[in-house]
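Structure, as C-alpha cells:
Labels for the chains are A, B and C, by order of writing; each one numbers its residues from 1.
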Amino acid sequence: MKRLCFSIAAAVAATALIALVAGVPGSGDDGVIRIGHTGTPHLAPLFVAVEQGIFEDNGLRVELKRFGSTSDAGYALLAGRVDVAFLEPSRSFRLLNEHDEAGVKIAGTVNFDFGATLVVREDLNIRLGDLEGMTVAAGSRHCILLSQFKHDAQRHGVDAGKINFVYTAFETMLPALEAGQVDAILTRASYALLAQAEGHKILYQNWDVVPGDACCPAYLAQVEYFMLVKDLEPRYVRGMDAALREASERPPEDSRNAIMKHTQFPLGLQQGFPVARYLVIGQELKQELGDWVWTGN
Amino acid sequence: MIEARKITKFFPVINPQGLAEGITAVLSVSLKVEEGEFVAVVGPTGCGKSTFLEIMAGLQAPTEGEVYIDGKLVLEPLPSTRKEIEIYQRKYRFLSPIANDLWRDIPKSDIAMIFQDYAVFPWMTALENVFFTLTLRRVPKGERSYLARKYLNLVGLSGAENKYPSQLSGGMRQRVALARALSVEPKIILMDEPFAAVDALAREKLNEDLLSIWQSMKKTIVFVTHDINEALYLADRVVVFSPQPGTVRNIIPVNLPRPRKRASREIGELRERIWQIYQYDATGEIIDYVI
Amino acid sequence: MDRKLTYETKGLNLVLKELSAFFTGIAKNNFTVEFFTVFVPIIILWEALPRLGVVPPTLVPPPSVVAETFWDLLVNHDLIGHVGISLLRFFLGLAVAIVTAIPIGILMGWNMFLRRHALPLFQILAPIPSPAWVPITIILLGIGLPMQVFLVFLGVFYPVLFDTYQGVKDTDPRYIASARVFGASELTLIKRVYLPNALSFIVMGVKIGIALGLVMLIVSEMVGAHSGIGWLLVESKDFFRIDRMVACMLTLGFIGWFLIEVMKYIEIKLALWKVGR
C-alpha cells in the first residue's frame, strides 16, 4: 500500500515536471505578436517597421524578443513562446526537417545584396598584390564569388593561382579569421559587414555578381533570413508581410538609423553597404520549398 | 638508564580577554630511572605527568632542562629570547625539531612509547602494525612475518593477526601496541596511561602480563597512570606528582615482593599515604599526617 | 577474513572477483524495489503523456524515441567514439589534477611554513567558479586538447586539494607522535600515517571533483571542440534534435553515476579498516 503511495506520488511529480517543461503558453491571444530575433543588422526591415510605427499603421501590436542565437529563437518558436522568428536558411531547414509536424511555416524572406567581398585580417596591412602566398578562405571551389574574384584579380595583375584557397562554410569563416587560421576571407557582403564590425578590413568588393551556380543557387543566394511563423492567425501573417514590405521601401538612411538604435551597430560601418530588404517568397523558391511555405490555410 | 634534569615546561596561551599568559605544566622535575627498574608516575588529572613523559620520549622540547638516555642528550630546550626564537624558527622551517629525518628512518632501539589510545594505526592490521616498526628497523622481508608473529604471541594475540584495531577490544588494541613497542627491542618503554580506557577485569590481566614480560625481558619501564592501585601493584617506585604546575611531590618506594596482592595491608597503607597527599594538595587540609 | 582471500587470489581471478563484487554491489545498492516504485511510474508517464498528446511529442520525446535515437547515435553517429574522446579529455584532466593536487595538499597539511605560503593563494583562486576561466583559457591555450584538459583539471583540482589538505592536517597528533618515537622519517610518516589517514578525505574530494570535472568537460566541449559528448549535445541543439539532446544528457548522467559508483567501491576497498566502526 505504502509502495503504491510512493508510485502515485512519483507519477504526480513526473506529470507536473513534464507539463512544466513542455508548458505551452497561449499564443498571441491578447493580439500581441511576439517576434524572435537575434539583433543582427541584417534584419533592417523589422527594426524600421518598429521605429516608424509601420506595424501599428497595419493594425498590429508587436513585441520584440531578442535571443542569443537563432537556434534559441527556433526553440522559442517551437515551444510557442514567440509567434514569429527570423532564422537563417540553413537553420530553418534543420528545424523544418526535424519538426515537420509542429506547424512551422516560411512566410517571407529577408534578402541582402550578394556582393563578392574580400576581407583581410585586422593586423595585416596589405594590398591586393600581397595576397600571393597567403591563405584565403572561400565558399567552394566552384563558387561564383571565387570565379568573380579570380577574374577581377587577373585584371589587377594579381596571379590568383599563387593564393592558397581553403574551402569552408561562410558561417565558419569569421571564427577562422579571428583565430588567425586564415589571412583573408572571400565572402558575401552580409558576412563582410559583420567581419568589418570586428575590425577587419575590406580589400575588394564587387557588387556585379550574378548568383546562380551549384554553390549559390539563384533563388536562395540572397536570402539571409527566413521569416518563420507558427500558429499565427492569417490576418496577422498578412499584416506582418505588408508592414515589412512597406518598411523595405523606406529610404536607406532610415534603415541605418533604425539598425543603430536596435543593435548598436555603428552608422559609419554601414556606409557603403546596401540595406537588407524584405521580400515575399518568389515562385521559384516556392517550388523549391514546397509544403514549408505558408499559404494561409 | 634514563635521567631527567630539572625539566620545566611552559605553555604560552591567549586567555579569553585576548591577553597572553602561560601555564607551567611541569616545574623543575628531576627523575632518574635505573636499568631494569619499573617506575610508576601518579598524579591528579592535568598535573603534567603526560607532558613530562612526552618530554622524556623526545616528543616535546622542554622549556628548560635536559633529558639524558644513557648519558646522551635527547632534545635541546626551547629558545627563550626573541633572537634565539628567530634562529630556532629558521632552523626548523621545513622540519619540526622533534622530527627524525626527512627521508631516512632512524630506528630507535633505546626507547619506545605506548599511548592511552590512538597508539596503533587503525588502517593497519595487528600484523601490519608490527611490520611498521620492523620495516623501520630494516628487518629483512623474510624474517618480518616470523618476528611479528613472535611478538604478537608474546602479548597473547595469536589468532588476531589479520584483524584491524576497530575489530579488537580496547585491551587487545593495547596488546597490539605493546607488541609493537617490544618489536623495536627497546631498553626503555614509556607508557602513558596505557590501560586507562580498558575495563577493570581486562586491566588486571594486562597488568599481570605486563609484569611477566617486564620480568622476563628486563626492560626499564616508566608507567604513567592516575590509578594508585595499579601503580602500587606494578612499580618498584611510585613518583607522586602535585597538581599543576607538576612537580615531584614525593617518591615512594614499594619494597614488596612480587607477586603482590592487590588487597594486601601494605598496599593499603601506601595507598592511604598517597591519597592523603592528594587530599592535602587539593584542599590544604591535614587529614592525619602529611609527609 | 575477506582480506585473507584477496591475498590468496591473484591475477585474472582477482580481477574477475573484484569486478563481480563491484557489479553485485551496484545492483544491490541501486536497483531496489523502492527505486522501481518511483522509477517505473515516471517512465510510464513520460512515455504516455507525449503519445496521448497531452504534451507536444516534438518537445518531449518519449523514452521509446530516445532509446531509438540512442541506438541510432550508437550505430550511425559514432557515439562510442564521442564518449571515448570525452572520457580521454576527462581522465587526462582528472589525472593531472589528482597527480598535482594530492602532493600539494599533503605538503600544505604537513608543513606550516609551506602552508602559510601556499594556502592563501589557493583560497583566493578556489572560489572563482571554474566556468569563469573559459575565456582566458581559450586565449592562452587556444582551442584543442590542452584547453579542454585544463578546464577539467580546474574543476577537479580544488576539491581534491582542499580535502587532501584537510585530511592530512587533521591527522591526530598522537598517531604522528607514536610513529616518531620509533624513529620514522617524515617521508615514512607521509606514506604510512598522513596518507592512509587522509585517504577517505581524498576519495571524497575526488568524488566531488568528478562531478565538477564533468561539468567542466561539457562546458569545454560546448565552446571549443568538434567531437565529444558535449559537442554532440550542442550540435543536436543546433539541429533541433531534442531526442538526441536527451540521449546525450542521459549518457552523461550514466557516465557520472558510474564513475561515482566506482569511487564508492574504491572507497570501501581503501577504507576497509573503517567498516567495523
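Just so it is clear, contacts are C-beta pairs under 8 Å (C-beta built on N, C-alpha and C of every residue); 3 or more make two chains touch, one makes a residue touch a chain.
Model, not experiment: these values are computed from the prediction.
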item	value
Between A-C and B-C, the pair joined by more C-beta contacts	B-C
Centre-most chain, if every chain is reduced to its averaged C-alpha atoms	C
Chain whose mean Cα position lies farthest from chain A	B
Chain A and chain B: spacing of chain centres that average the CA atoms, whole Å	84
Centroid distance [mean C-alpha coordinates] between chain C and chain B, Å	46
Between chain A and chain C, centroid-to-centroid distance (C-alpha), Å	41
Residues of chain A defined as touching chain C within the complex	3, 6-8, 10-11, 13-15, 18-19, 21-22, 24, 71, 74-75, 78-79, 91, 94-95, 97-99, 101-102, 179
Chain C-touching residues of chain B, taken from the complex the two chains share	54, 57-59, 93-95, 98-108, 111-113, 115, 117-125, 132-133, 136, 162, 164-167, 184
Partner chain B, residues of chain C touching it in the complex	3-4, 111, 113-114, 172, 174-175, 177-188, 192-193, 196-197, 199, 271-277
Touching residues on chain C, where the partner in the complex is chain A	33-34, 37-42, 44-46, 49, 54-56, 58-60, 142-143, 237-241
